[in-house]
Amino acid sequence: MSLLTTTQLTKRFGGIVAVNQVDLDVGSGEICGLIGPNGSGKTTLVNVITGIYKPTDGEVAFEGRPIHNRTPHEICALGIGRTFQNIRLLLSLSVFDNVRLGGHIHTRSRLWDVLLLTGRLRREEKEVADRINEVLDFTGLRPYRDELTRNLPYGRRKVVEIARALMARPKLLILDEPAAGLNSSEKGSLMTLLSRVRDTGISILLIEHEMTMVEALSNRVFVLNYGKKISQGSFAEIQRDSAVVEAYLGTGGSHA
Amino acid sequence: MGFEAILQILIQGLNMGLIYALAALGISLIWNATGLFNFAQGDLLTVGGYVMLSTFSHWALPYPFAFLFTCGVMGLAGYLLSQGYFFPMFSQGLHPDVIVIGTIALTVLVQNGILLLWGPHAQRFTTPLGDSPVHVGEVIVMPYYLWNIAVVVVLVALLQVFFKKSILGIAMRAVAQRPVTASLMGVRTDRLVALTFLLATGLAAVGGILIAPVIPLIPEMGGLVALKAFAAVLIGGLGSFAGALVGGAIVGVAEVVFATLVVSTYKDVFIFAILIAFLLVRPRGIFSAEISEKV
Amino acid sequence: MRLAYLKRIGLAQGILLALALVPLTGLPAYQFYVLERGLQNVLVVLSLVILLGYTGQLSLGQAGLVAVGAYTYGILCVNYRLSPWLGLVAAPLAAGLVGVVVGFPSFKLKGPFLVVNTLAFSEIVRILILNNEKVTGGPFGLNSIPAIATGLPLYYFMLVVAFLAAVATLRLSRSHIGLALKAIREDEVAAEAMGVHVRNYKLLAFVISSVLAGVSGVFFANMAGYLNPDSFTFNESSTYLLMVVLGGMDNVAGGILSSLTVTSLPEALRFMARSRMVVYSLILLLVLRYTKVLNLANLKRMMMRQRPTPYASTREQDQVNP
Amino acid sequence: MKRYKWLLGLSLGVFFAALMLVGCQSTQPKTIKLVHLAPLTGSASSYGSFGVNAAKMAVEEINSNGGVKLPDGSQVKIEYTEVDETSNSAGAIEGTKKAISLDPLVILGPNRSGGVLAAEKLWKEAKIPALTDATSAQTTRLGNPYTFRMQISSEYWIPLLVKTAVEKYNVKRPAVIYGLNDYSKANWVATEPAMAKFDLKPVIVQTFNDNDQDFSAQLLAIKKSGADSIFLYGYTPEVGKITRQRSELGMKNLPIFSERAASVPSVFDLAGKENYEGMVTTTTMSQGDPDPRIQEFIKKYDAKYHQAFSASHVIHYDSVYIVANLVSKVGLDREKIRQELAKLDYQGAMGHYVADKEGNLVHHMRTQVWKGDHWVMLLSENYPVER
């Protein structure tokens, strides 16, 4: 059974159809690529899946349950984590706190626990701190634990976002252009990180322009253009698809 | 209620609305250029009124000269305020809330400064048209209502031309919409922000001059008008000139109508209730496009 | 005193503990009253530390909430002759309930829209108090309000409550709840995507903040014994905001210090007679202008030789036009 | 770490220094300390300035004559300090605390009823007599033996105002409009029974909030009611605005009967000369009073300050003389001064001051009308003194 399925998913903004009847599915433990030219609706699709936009039409199901009427925080709690194309970290807080926010959905202590410093809170905070250190070790961020996020270079901020998403123990991780703006060594370590994430059993929906990365990591690839899915299959398959070539190269008179 | 009575109420409401609109215009102007909500705009209006009081009533300059002199003095004050206070705060990258609170602190300074310079007693001057009511059938119109309407119409027309046609105006709009891009294109942001303050305080001077015949000058006057002007500017749509005028009219008419038909003591409650209800339904006011955040 | 110990108890608690010693210095009644007023304002400033400092919701309506607290206490104790202790419990609850109403528009409104809404709410409260004379005493005010305690016991009671509130605020700040609030301040979309129920947490911030403001209102009623709506105006709300900003916005110790200082400043300037309010506001404007250097939180960091947290917009790309 | 401690010390030091500065006081023994709790800032600051001016004038006169002669024969000067009560009740409390810290012999003020109600227990505790300004009846009915009043309770002078309206203007259908503040509300409370005595009933009653800017709704309602006169109670700016707007809405034929706030000169400026014509107000002393003592005071005030003033607010001129007189009788003893105040019988520049059992010192009341460019006294009465 697939983890995430969208059926005939459509999102309109006024007269513009940003996502047009897209069917998509991500299975357990696989990395799926989502590619397409700029403005093809990839980010909008992610925002509809994660509940930031309500779909105009169609359905999103996660583990067989419809989620398109859920709010973003509910969807997060169900097990979909994400990163943003234009990094959205809490810049004035430390790396530690940013990652801690990812664990928010697993906290159980209440306001009175906080005010009275109950045993439950202390236990939970201990657990959370251990888990954060685990995630920081996993992502290689341990040395920057207490650094303010705004003092980190761009590439490292991207890793912090991934760490934050991992902290929530998602079943599916949606990454919106994680490699954009990274240098080649950073890209290399990012690829290693993502394959290690997959090895822990987390599925990944990877939106990326960096084709070598998509080719190396993806089990399957979906191609969007003008909001429509124009192709799907293994990387080798879509590479041969004339519709995809046309979308990217603009042959046949259509514009890029 | 007779037709004349209804007309009279509408005239009174529009008259007050015009005054709220004048304060609202200045708030919109500064908001557009800097993203700063100027809580002191009402008090700047009061200062304008007092400067006019000195030049027109005390020094006995002819009305047009006093008018221009007041606008000049206030414009200069606005320029200095921007260059010496607000722009440095912007360029330090202070949290926007801190700068907003700066405008709130400015209200305290202005009100107490007026008290010190011009004294506590309520004062008033009028327009060259005098104070004799004009009777149109049963309906009574004060000459300064007409004067105020005329000045505001000319003023808004001038502003429109300035922002649509002149290079400076276009540059200011560019700064308002894309500050970073504009500065990359070689626009001097600090100058333009200062110019915006100059315009807004000049506008406040006109506002003060037009208000004084209707509402007597007391040090706290601007703060009191400002509360309604805030309602007007948010109902009309922050950043829109048409919105400021329409919002002012709505607030002015609504309060007089409510005071007449329901109960006068709760008219402010009514205005604020309208504001809250309205914003819940249409959070950005009448004349403002929904701006969605890029995620 | 050993420094390590000093650090462990924290600056905020340290200041409040130091205040416990003040009565031993035999402070004259007037200075003592100013100190008490400062202590009463500490609670409002803490309420704003949570609401503005942590959650990023600017409110010009705190005076209205203080009024709700003060009048609930006054009305229960005078009109219904309930025990002041009951009033002490009921007033913050009433303020908290009103806080729900004030907080509700924050789901949709941001920036000046929210600020003016809170201001409008505060004005509504004032006009309602003014016009319901049978209950509130209207323009004549509410007189002969019994106090929980007077003199020194009241001072120490207020100090204990302020201490507890400061500790609670610090605990909140460090907890996951505080983190969620700060995430809302920094980036609502990211907070929501990370599983923070933004609406609930905003409402929580408004309610906690209103409860603290309500307690402050009870203190005011206890100190003054008389309530009049003219004590809860725009001026008061804006002074509270100034206090919290000068204190470093999300800094508890800074907030406490600045509320004590800003409360005593106009009193200290009384020798200037008519020009004192002008000088007072000039000082505040200048401190705001140089707040990057002068705010107490930043001073502390400088002293501690920590890396300065720029007291800056989180929206780096467009500081001029958020 | 050292720096951290240093900061803590510094901040606390600054704070306590400020706190100390808050009440630096001198303790020279032999002066008559008068603290005037006046609204120097805020909405009542207009009244405060007249009161302070007049009191200062009296102080300067006395001091330039060598001061006050004590019973033991020595001369003392008056040390006069003004303290801002900021026109609101919280400010009145702070101001009173400040005033008490200056250890005065007598406090002048506060000005508004809210301020008196908020602060009266403070001067009672400190056992300092206060010569207050407020007019609402309840301020002297709290059983506070230290509260005295240099104004007339509204329940006495409103009947005189109504009597003037009936006897001099033949009013039959009065309308009432009042502001929602302590002072105006007290006047309205006194109005209904006063009218009932003349078998009058207000044909319409309207209210407004302080700082309202437009009164057309209320005034048009009054116009529609067919009233023949307007009883108007409010603070100066609102009274001025309403007086003018009444004319603008074509109701100039309705005479206005108002209270001491309407005799403040700025009402004249706000309303405009033509609209102010015919304004009837109550006052403790009228500039239209031919009494030579009053005319002399007016001349002196004018020579010193070159400004018009409202007669009711300059009464602290006499307050200072009353205190000086009592000091010369009993010396610098607060309790004795209080006892003397409680049985006061003194002829001042502006009238004859007699204490009653509630601590009201002023019993002379007048009504006056503005004609051309001056006040004309209409009725003059003294209300009975109940000892």
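Note that the chains take the letters A, B, C and D in the order they are written out, and that residue 1 is the start of every chain.
One rule holds for everything that comes next: a residue touches a chain if its C-beta (ideal position, glycine included) is under 8 Å from a C-beta of that chain, and two chains touch if they have at least 3 such contacts.
Note that the coordinates shown come from a computational prediction; the quantities given were computed from them, not determined experimentally.
Here the chain-to-chain distance from chain C to chain D, counted in touching steps, is 1. Of all chains shown, the one whose average CA position lies nearest the global CA mean is C. When every chain is reduced to the mean of its CA atoms, the largest separation from chain C belongs to A.
For the pair chain A and chain C, the distance between mean C-alpha positions equals 40 Å. Mean C-alpha position of chain A lies 47 Å from that of chain B. We define each chain's centre as the mean of its Cα atoms; on that basis chain B and chain D are separated by 36 Å. Chain B and chain C, compared by their mean Cα positions, are separated by 31 Å. Shared contact sites, meaning residues of chain A that touch two or more other chains, fall at 52, 84. Among the residues of chain B, those in touch with two or more other chains are 112, 115, 265, 268, 295. The set of chain C residues that touch two or more partner chains comprises 127, 131, 189, 274, 277, 310, 314, 316. On the chain D side of its complex with chain C, the touching residues are 1-8, 11-12, 14-15, 18-24, 40-41, 82-84, 87-90, 93-94, 97-98, 100-101, 113-114, 117-118, 121, 136, 138, 142, 180-182, 184-186, 209. Contacts from chain C toward chain B in the complex involve residues 52, 56, 58, 60, 105, 108-109, 111-113, 115-117, 119-121, 123-124, 127-128, 131, 189, 234-235, 238, 241-242, 245, 249, 274-275, 277-278, 280-282, 284-285, 288-289, 291-292, 310-314, 316-322. Only residues 31, 34-35, 37, 85, 88-90, 92-98, 100-102, 104-109, 112-113, 115-116, 175-177, 179-180, 189, 193, 223, 227, 230-231, 234, 238, 265-266, 268-269, 272-273, 275-276, 279-280, 283-284, 293, 295 of chain B touch chain C when the two sit together in their complex.
On the side of chain D, the complex with chain B involves touching residues 41, 43, 45-46, 48-49, 180, 206-209, 211-214, 216-218, 220-221, 224, 236-237, 240-241, 244, 247-250, 264-267, 269-270, 272, 274.
Those residues of chain B that touch chain D in the shared complex are 5, 8-9, 12, 15-16, 19, 112, 115, 119-124, 126, 131, 133, 135, 140, 142, 214-216, 218-220, 224-225, 255-256, 259-260, 264-265, 267-268.
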